Amino acid sequence: MTELFRFGVSLPKDLLNKFDKLISEKNYTNRSEAFRDLIRQELVKKEWEEGEDVAGTITIIYDHHQRELATKLMDIQHDHGKNIISTQHIHLDHHNCMEIIAVRGSAKEAQKLADMLKAVRGVKHSTLGMSSTGKHIG
Amino acid sequence: MTELFRFGVSLPKDLLNKFDKLISEKNYTNRSEAFRDLIRQELVKKEWEEGEDVAGTITIIYDHHQRELATKLMDIQHDHGKNIISTQHIHLDHHNCMEIIAVRGSAKEAQKLADMLKAVRGVKHSTLGMSSTGKHIG
Amino acid sequence: MTELFRFGVSLPKDLLNKFDKLISEKNYTNRSEAFRDLIRQELVKKEWEEGEDVAGTITIIYDHHQRELATKLMDIQHDHGKNIISTQHIHLDHHNCMEIIAVRGSAKEAQKLADMLKAVRGVKHSTLGMSSTGKHIG
Amino acid sequence: MTELFRFGVSLPKDLLNKFDKLISEKNYTNRSEAFRDLIRQELVKKEWEEGEDVAGTITIIYDHHQRELATKLMDIQHDHGKNIISTQHIHLDHHNCMEIIAVRGSAKEAQKLADMLKAVRGVKHSTLGMSSTGKHIG
């Protein structure tokens, strides 16, 4: 069981009201939980800035009618086996596929793999969701 | 087959050299492909800014030892069935799970669902990868 | 004098240690001040997302040797007098000027003005710093 | 005079139409100029990622009624004289000041200075506009 530590925080009344409004809009049920998430958000940002061990998601969109594209994407993924955990494939419509690749490794490796996939002819978009291994964010 | 249209572009020589260096670092094999991706990147940014129909990826990290957390996350996902395509679950370590949810709908719905999942007690991090349905980015 | 309101926050011990480390790296002297800034950061993000009345900074880089560029930039700024507070001009080197324009108005107006300046031939870069009027962030 | 270099680019017709629509909304008068700006945007992003020599703008919002705040901000700026080019001060309303500091140096120094100013008690918001010295973006 995680040990909780309690301490006091002082806010101007007006700022506190705005915080309460903000977190209720975002569905939080108490201030501590919202505060914990603000901190974790900063910690994850830092993990990525400092190139630490991260986890994340590369999402690519492509037209599967493009010749040999699927093979090329598969080849790249196999060459980066140590950074790829698993892949989820979605048929968006008759033409467009979304492939979501769960990745793990250094921030630089994740970024490089996202760049490499994006550069393949026929890949229309690639985005990198910056998440965390969860280990260092309490 | 997509019809290609060819036109001329003028660049200062120095800028062109830098562009060529940049795209070779990013693994592009020709300028047109790199240029197409720069355009699509702007179009996807616009889809999200203007609240259009988008696709994306919500990645959440949580500790599955947290009581009733999995049930709560499942409930929320079922309540948003129309925006969720599929979910991929990864065991990062003994404590931490990564759940990757492929979403579709308006930009606002995707953002709201990401916020809602993040606010659940025990969810350590939630990030929204902004991608595209592929339909309107050529 | 602003009235301060004090309340308790609970954090896992490990997360608290990381928070303390993070804020000391960022020069904060106490947790409350760091917490206030995290909240304000979210409020300013919201002001911009919801298109409210904002303040900000448009920074453009251009080569003043480009013919008639300065005149064109001046004209645009005069046409947007109601959104522009003042302008600071810096000579970066023999060629490059940095012009920093303090703006105020709706988020949309600020973005539109930044886009318009960026599109002028000879303007190499334009960036919009998203700040606040300070009124609604306690 | 900068030497221009002309080359051909191929785009799917549909993507070209969308590009033309996008750049006309953003006030560009020709495709080459829009293309040059897309490239420069990527180059400036890279300058910041790789910690190169950059220029930028730190914008802070504070309440000047806060005791000794102005003195403290002045002290910090003097301690970082080598990174600060000039400062513009704007009275937003009876309480709120906006101070815009033109900075130059490594990306890390600029970020550090922005963090330091943000941590000062009474500074409500600090944002860093990432621009360029203009030297390496053609």
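Before moving on, here are some points about what is shown:
The letters A, B, C and D name the chains in turn, as written, and every chain counts its residues from 1.
Here is the rule we use: a residue touches a chain if its C-beta (ideal position, glycine included) is under 8 Å from a C-beta of that chain, and two chains touch if they have at least 3 such contacts.
All values reported here derive from a predicted model rather than from experimental measurement.
Note on chain placement: the centre of chain B and the centre of chain D lie 26 Å apart, centres being C-alpha means.
Centres computed as Cα averages put chain A at a distance of 9 Å from chain B. Among the residues of chain B, those touching two or more other chains are numbered 40, 137-138. Taken as a contact graph, the chains are arranged in a single closed ring, with each chain touching exactly two others.
Touching chain pairs in this entry, ordered by label, are A-B, A-C, B-D, C-D.
Contact residues of chain A toward chain B in the complex are 23, 26-29, 33-34, 37, 40-41, 44, 55-57, 59, 61-63, 85-86, 88, 90, 92-93, 95-98, 100, 102, 104, 115-116, 118-119, 121, 123-125, 127-135, 137-138. Residues of chain D that touch chain B in their complex: 2-16, 18-19, 22, 31-32, 35-36, 38-40, 42-43, 46, 136-138.
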